[in-house]
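Presented below are the structures under discussion, each in the form of structure tokens.
There are two complexes below, and they share chain A, which is joined by chain B in the first and by chain C in the second.
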Partner chain A sequence: MLTVKSRQHGTATVIEPSGRIDSTTAKEFEQLIAPPLVAGSHRLVVDLSGLEYISSAGLRVFLTAAKQCKSAGGALTLCSASDGVREVFEISGFSSLFGLHDSVEAAVKVFGEATA
Partner chain B sequence: MDTPELRLDPRTYAMTVPAGPEAIDTLFDAMCRFCEAHGIDRDRQHFLNVALDELVSNTLRHGQHSDASGLISVTVEDMDGLLTLVIRDTGPEFDPTVAQTPALSGSIEERQIGGLGIHLVRRLSDTFEYRRDGIWNEVKVSKRRT
Partner chain C sequence: MLTLADEFVLLNLKDEGGAFISLPRHVFAACLAGAVLMDLALRDRIDSDLDHLFVVSRQPTGHPVLDDALHQIAANTDAKTTAAAVRILAARDHDMKELILARLCQEGILTRRDGKALWVFPTRRYPIRDGRDIVEVKLRLMGILLRRDLPDGHDACLLSLVSIGNLARFLVPPADLVRAQHRLDQLSRLELIGMRVREYIAAVQTDIDFAQMRGLGF
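Up next is the complex of A and B:
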């Protein structure tokens, strides 16, 4: 239903959720993305390419994580959404709030890094 | 889970489940099977998934189903390219179609999540209707094939 992988890309942590983030999996997603935040990594790129769909329960987790990142001097940004997932982020106003990029390489530029 | 299923027509699927925490998972699995069997395109399948999650989680949250007697009944139908989802529940009267649109701008610090689910349903649907039918709340959403 939901799996989350993470990897480093320069100083950014790239999070790759796969499956769906909805009212039944949102809490699990929140716990799965907590480790990088707890570990002090506040430059997060969420690669949405493996995400089948997201509802408002999932958006809530993104907003909370983005608030944490920003208050620690970092940021959360997004990339590689499918059409349906992109539509949800656009309707909610979150794509302009977080930034929704075409690729991980484009997303990490938010942090002022050269592409690896 | 032993769940009664009612097959009315090849293009219609109906299911009634207890208004409990497992309702969404059970209904989601049924919707996925329906979409697969009927070749529902990805765009409308996404609409169906989001609408189901938002409306049923809303029902569970507002419905105050404190005992096991509450029911949620879902019908999905694909007719001539029009996909219609009807969700009925026995909770207190609640009309989600009159919910106000939340503030969609503002900084990360200012943004709130309340009301966003119903806003998503409204924007993703071609029609979004509510009626009270005896002890039932009935919410009907539809999306036309593009």
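Up next is the complex of A and C:
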């Protein structure tokens, strides 16, 4: 089970996945994360506070989204992971590559914005 | 279209002459097993996390090496972790390598040359006949390592194998190697299967070292 909400925070789009991202939901997550990218919002913050589990298939979606953001001159960064999810992002090197912040506000600062 | 396993095999061939770069057998075997597992993951047949490997679909891919590997993993009750799956497939490295090379020859990418060293010992080389695909792969990897492009899922897998096999020195000019290696270190863990391949190799190396020490009487 996966749900994804999104909201604007200044010029950044905050994506909030809840539930599990694995082989059964990765494609769905890829489609749900796509609209902001298609709409031209290439500054993405993924708020991981509601994410309970992520597998390799889920990590690959993050990589694809980050590549799309970078290609368009933007960036993707991460925040608010639970301990279990944080461990996956840290061991795999995603946190050092994209940043894993404690809050949405801290993540948005990466884009050089004042927090809303 | 080339699989990761195809690309890994091609990256292990010297540009000049088509001989294999001399990787230790257990390193090559584990990397090839990892490449096949990554191919299956990219085709949504398996998934993994830090602890487990799951077969999510037994539907054949149409590629004989991948389908045989999928059958082996699905049929083996011990293959519940990536490490176990690597061990099972690494034991079949010779068959997988031969089949991959035969297909690459059949597709006109490689040509097989049998010969003899010192007029006695049989040798086999695989000179590249059509290098377009592998040149494109190398240029893409160079772009990621030197221009800081981000890899997609496929290239993240390949980079982890390049890192494990210590193949960066064959991809970038010597003057850029330190910079490329630093970037490779940053990217080589993005694929979880690659991490388990690395651990498997370390465990086998420990066994080899231990056996050698025992052989020397320590």
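As a working rule, the second predicted complex is superposed on the first by the 116 of 116 C-alpha atoms of A that agree within 3 Å, B and C clash if a C-alpha of one lies under 4 Å from a C-alpha of the other, contacts with A are read in each partner's own complex, and residues count from 1 in each chain.
Keep this in mind: contacts are C-beta pairs under 8 Å (C-beta built on N, C-alpha and C of every residue); 3 or more make two chains touch, one makes a residue touch a chain.
All values reported here derive from a predicted model rather than from experimental measurement.
Peer 1: Based on the shared chain A superposition, would you classify chain B and chain C as clashing or fitting together?
Peer 2: clash
Peer 1: Which partner does A:S56 reach: the first (chain B), the second (chain C), both, or neither?
Peer 2: both
Peer 1: Which partner does A:T24 reach: the first (chain B), the second (chain C), both, or neither?
Peer 2: Touch status of A:T24: both partners.
Peer 1: Quick one: classify A:G93 as touching chain B (first), chain C (second), both or neither.
Peer 2: both
Peer 1: Looking at the overlay, what does A:D83 touch: chain B (first), chain C (second), both, or neither?
Peer 2: Once the two structures are laid over each other on A, A:D83 reaches chain B alone.
Peer 1: Touch check for A:K70: first (chain B), second (chain C), both, or neither?
Peer 2: both
Peer 1: In the superposed model, where does chain C crash into chain B, at 1-9, 19-27, 73-81 or 109-117?
Peer 2: 73-81
Peer 1: Overlap the chain B and chain C contact sets on chain A and report the shared residues.
Peer 2: 22-24, 53-57, 59-60, 63, 66-67, 70, 87-88, 91-93, 97
Peer 1: Which residues of chain C touch chain A in their complex?
Peer 2: Going through chain C, the ones touching chain A are 41-42, 44, 47-50, 54, 56, 149-153, 156, 186-193, 195.
Peer 1: Where on chain A does chain C make contact in their complex?
Peer 2: Of all residues in chain A, those touching chain C are 22-24, 53-57, 59-60, 63-64, 66-67, 70, 87-88, 91-94, 96-97.
Peer 1: Which chain A residues qualify as touching chain B in the complex?
Peer 2: Within the complex, chain A touches chain B at residues 20, 22-24, 52-57, 59-60, 63, 66-67, 70, 83-85, 87-88, 91-93, 97-98.
Peer 1: Under the definition above, what is the set of chain B residues touching chain A in their complex?
Peer 2: 24-25, 28, 42-43, 46-47, 49-50, 53-54, 56-57, 104-105, 107-109, 111, 113, 116-117, 119-120, 123-124
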